[in-house]
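Chain IDs A, B, C and D follow the sequence of writing; residue 1 opens each chain.
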Amino acid sequence: MVLGIYPGCSLKGSSREYTESVLAVAKAFDIEIKEILDWNCCGATAAHNLSKELALALPARILALAENQGLDEIVVPCAACYSRLSGTQHELNQHPELKSKVVEAIGMEYKGTVGILNIVQMIDKYITPNIESKIVKPFDHKLACYYGCLLVRPKEVLKFDREEDPQSMDTLMSKLGAKPIDWAFKTECCGAGLTMSRTKTVARLSGEIVKDAADRGAEAIIVACPMCHSNLDMRRKEINEYNDQKINIPVLYTTQAIGLAIGLDRESLGLQRHFVKVEI
Amino acid sequence: MSEFEPKVVAFVCNWCTYAGADLTGTSRIKYATNVRIVRFPCTGRIDYMLLMKSFAEGVDGIIVSGCHPNDCHYTSGNFQARRRWIVFRNLCDFMGIDIRRIQFSWVSAAEGAKWADVVNTTVTTIRELGPYTDYKKVANYFEKEVSHG
Amino acid sequence: MDELKKRAKELLETGAVKVVIGYEQGTGNKTRAAFIQKPEEVSRLIFDSRCVLNLAVYLNKPEVKQIGKPAIVAPIPVLRAIIQLASENQFTDDNLLILGITPESKFVEFNKLADVETYLDQHLIEIEARDKEILEKLDKMSVEERWNFWVEELSPCFKCYACRAACPMCYCHRCTVEMNQPQWISVPSHQLGNIEWHFMRAMHLAGRCVDCNACANACPIAIPLNLLTKKTLEEIKVSFGGYKPTLTGGHIMSTFKPNDKENFIR
Amino acid sequence: MSRIGVFVCHCGENISATVNCQKVAETASGYEGVVHSVDYKYMCSDPGQTLIKQAIKDKNLTGVVVAACSPRMHEPTFRKACNEGGLNPFMCEMANLREHCSWVHDKGDLTTEKAIDVVRTQVEKVKRNQPLTDIKVPVTKTALVIGGGIAGIQTSLDIANCGHKVILIEKDPSIGGHMSQLSETFPTLDCSQCILTPRMVEVAQHPNITLYTYAELESLDGFIGNFTAKIRKKAKSIDEKLCTGCGLCTTKCPTKKIPSEFNEGLGFRPAVYVPFPQAVPNIPVIDRINCTYYIKGKCKVCEKVCPTKAIVFDQEDEIIEVAVGAIVVATGFGIKQPDFFPEYGYGKYPDVITGMQFERLASASGPTFGEIKRPSDGQVPKKIVFIACAGSRDEAKGIPYCSKICCMYTAKHAMLYQHKVHGGESTVFYMDIRAAGKNYEEFVRRAIEEDTVKYVRGRVSRVYEKNGKLIVKGVDTLLGAMPVEIEADMVVLATAGVANPGAEELAQKLHISYDGYKFFAESHPKLKPIETNTGGIMVAGACQSIRDIPESVSMASGAAVKVACLFSQNELTREPLIAVVNRCAAPLYSTCVGCFLCQSACPYQAIEREEIKDRSGKLIKSIAKVNPGLCQGCGTCVAFCRSRSIDIQGYTHDQVYNEVMALLNEY
């Protein structure tokens, strides 16, 4: 079983532990992960502010690379990259004239047939079915599953989970033996890309999220997006200042939670890289 | 030689365009005399072969007009007609029949002025295009080849 | 093929059907329709790429109906025609047995029309690339050029109506071309009447044509008249999302969507 | 051989000012078949009409062309004159020389030429006209009303009071519909049941009304004036003739904890039940899905206690067949249900309720006897939030339309809350306030100004629970989109009104059309809002689109008038301008090949299947047949028929073809 991966910038930089945990979990489930060679930026939030064609061409090139490298299906762990890639595929499939324009721009053959999975879909499809027998240490904790904005939106494109009240991560965590809490901030904004430029805003937005999770007794927050992770974890100092309260519940990637449940080595999951110590 | 006077025939539905053309009259809005109106109960009744026969008999331009979408007296005759027109017009074009000579329009019973405008612009267009000699040449084979025999 | 022959024989022997309609070697390099009524004659049956006749055309003929329940050898275009005809109320499950042939020349028997319909979902009507090219070429011409093209192509037509006879969808008892009150189609086989005839034929087949090319194959002077029906096929695809023969009815040209798009109505 | 008379009218000077009428008449006199051609000042005047009648007699005319004004103006006049002159009225055609010629063109040869052309076309057309007679269709003077809500009740009473028989069917055990569930009604705040129940009783007692509750339409055949309806009377498991409505069974039934539909799940009912105390008829039904006897095979407590032995466990559904002449569909609306608002926590938090549930809380006959208590713990909510447009006007929820009644009932709810909970605080989140209606805007102002309901213009993004409170998170767009968070004890959602579940299926049984939201489609959005496209079937109330009570009632009375009009005559007279399928000699019988593609093209389901059989009854062929009761004469089928086997009277192929040919070929 071979699966392509598009890491994107975060997974190679600030969120290396996400990559590490994805690879570690994949390995444990005999999934061979092949990185797309020569990949480029997905365009993130900047490209579509500049030019629509650019915003489509960047992800299209990545998808074309995957096709040309013989990958039928890829996993895109970053929610933002995932949104860009699947959005582009959808748009180009809908509009043949845009497609031919973009194909000309990237100078590569592009069919638009690669299967694109976000991390939750990937887990759902390839890991969940075999997980029960592999669990060595049930992840018996109260967890706040935090989806953020991009993982399940827009509905028309993703056709995955309920956009206003998603459930997929909660279901997954229950399977690990955890107790997901019912809370109010599942899809609230974490501040996203403002993490550098307007730290105060991020502290306020992420602060509300962390506080609600803590108030409801969550022992950890589970995320599926490197940006969410950065804001909730790396900005904890600012968050605690905003809340005027020391909250030290850790923020874990879905893959890290799985890794812990199936008894993988903590270091292989990159847990030591977190700002908020992971002590569960 | 006098100026070319296009022959234009209009196929219209009774409930919207025919009534709209009545309103043009009651409002005394003038338009070109070149048009002859044929009344049908509904655009759904308009037979595309009548359009073909009209060209064969020497018209230079055709207007087909009925109720706006959703206004059909029979609720959906115009929707049925529209679908037929889309294919008809495409096939005409494919066979080299000059579709600039067929004007389709929605003219409601309240659009007297629009009717005058549709007629006038169609007549002007046809005047510029000139007589439909291509079709006439094909249609008049009788005169050319047989009548002297 | 052997499988098909075996089954055909069986069917005739048991009396399950009275006739097997299939293909056989004709004169020269041509194939023709075979109407096998005796089990020992099934060896005459053949199937290869030369079998382009749409056999469905015979199903509606009174002479064939008289014989009794038929089984029909049916490659994809015939299957499509059968479903279209069934949707037009021309026959039901009870009076037909279908010996299907897949594009890979494999034999597959269908017991129910509904199964044929499901099977055809994998074989939607698709205009061949070669024909698409010709259509595109014509599209690129000016109106005058297209007009001249068709006047020239159609002028040798002498209205033998082989196209009509070969078409499974042309099963009217009285064709409009034979009406004289009013005279819809100019009688002499001259350009005008030819244009009118072929135009009307294409319109009548719009949304019903199964793209079997039987009409063009039948034309003794090789007029590419299937281009006309292919054009309607293409237009219906562009404007209404295309169609496939379906038992549940809802013919594409006798239904509509309130939001059908056009750009020419003022 | 045709003998046509042409009558050219001057219309005073209206025509003759620009058209040389004399020349028109002279030219026409030269046409083949024209035996009489005159011009006259006013054809529509008495002397003018006499001219026509006289000529018909004197010249033995077989057809008449009146060249005058628009046929839309005077066609009936001249057809009548012809009839009086002894000519079939459909042998008269009009050439429109006024609206389409003299009024729109200047005086000149071209104008006269056009007039001549127009007359010529009509001469050629009328030569091919056929004498036609009006179509008569008998009428069964009984109406079927489907749905016993306020619309169905009103229409039944109105029709019955006109002296006609009515069969009213209702799928629930009692009539009353949604209105019976309401507490008070806007904009007067009078008690809903107080005004409704007398009408319910009137229905039950009316000698002209037959009421079947717990009954649904099974199938419908026929056409206007002549329908046959099959009605399924679902088994109540009660002998209605024996039951006295004493209610002993309902009090003794051991299965008591079934969520009451009438109370929107806020209260309970037993397995044998009447939905509410004022139910009409006051006869219980056994809910077989929840009844212990039907589940486990024993119990029969009700049977033991029933003093009249009215319980019949083995009763079966009964199908009855009735003949009716007209149908009024008044099946009402539905309310969008849970899972639709995960972000508002509906279904998750017991104190997030729908507007209809609030009605039950506020109703004196409701589960709390009119006290506003929250479902979770029975406490009186000190703070309440109403969310308008919960689903309505929301593309993302698939309901782009406005549910129309919510602005008003939300104002009413807030008002009732303020009246009942002194010192309570109510907030309404809204998009726009749509209070168009008599005394409606005033009502909303009263809620805001006198009852101090706080209105916040903005949407709510989420409702969640924290420390036992519901946090309503929204935005105030009038304060520069400021985020607002309100702690509430209870939240009421003004859920979107939707089509009744099953509307689509019913529409298919009735052969009426419905829109994308499954609301039944009216025949014309402006001028025929009550009729459907199927002759003889009307719609009333919220099944056509969401309506409030006054609108439903007016529509119901309107539908009753339509039915009464239909029933005012013994036979329906219809213009014979309808489609016909040709018939000819054997072996063809008809040129129709029975492809039935015309069926899907017909907007009126007027095309039926006719089976031609030989003497032994063997089917020879199936061909199309036009039902003259249903055909409206649009001719869409005609243009669609490949073999031209179907034609439309008054606009036949022969007529229009020759009309066009005459237009183009001068002779």
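Throughout what follows, contacts are C-beta pairs under 8 Å (C-beta built on N, C-alpha and C of every residue); 3 or more make two chains touch, one makes a residue touch a chain.
These numbers were taken from a predicted model, which means no experiment stands behind them.
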Nearest-to-centre chain - CA centroid comparison: D
Pair sharing more residue contacts (C-beta pairs) when C-D is set against B-C: B-C
Approximate Å spacing (C-alpha centroids) for the pair chain C, chain D: 43
Centroid spacing, where centroids are CA-atom means, of chain A and chain B in whole angstrom: 61
Interchain centroid distance [CA atoms averaged], chain B/chain C, Å: 33
Chain centre separation in whole Å, for chain C relative to chain A (CA means): 53
Overlap residues in chain D, where contacts from two or more other chains coincide: 601, 640, 653, 657, 661
Shared-contact residues (touching 2 or more other chains) in chain C: 176, 184, 253-255
Chains grouped in pairs wherever the two touch, ordered by label: A-D, B-C, B-D, C-D
In the complex with chain D, residue positions of chain A that touch it: 155, 162, 164-165, 182-184, 212, 215
Contacting residues of chain B [partner chain D, same complex]: 5, 7, 9, 14, 18-19, 21-26, 28-31, 33, 36-42, 44-48, 50, 53-54, 57-59, 70, 73-77, 80-81, 84, 116
For the chain D and chain C complex, residues of the former touching the latter: 588, 591, 593-601, 622, 640, 642-645, 653-654, 657-658, 661
Footprint of chain B on chain C - complex, ascending: 138-139, 143-151, 176, 184, 186, 188, 190-192, 195-196, 199-200, 202-203, 206-207, 228, 231-232, 235-236, 239-240, 253-258, 260, 262, 264-266
Partner chain B, residues of chain D touching it in the complex: 70-73, 96, 98-100, 103-106, 108, 110-111, 113-114, 117-118, 121, 513, 521, 523-525, 533, 577, 601, 603-604, 632-636, 638-640, 648, 650-651, 653, 656-657, 659-661, 663-665
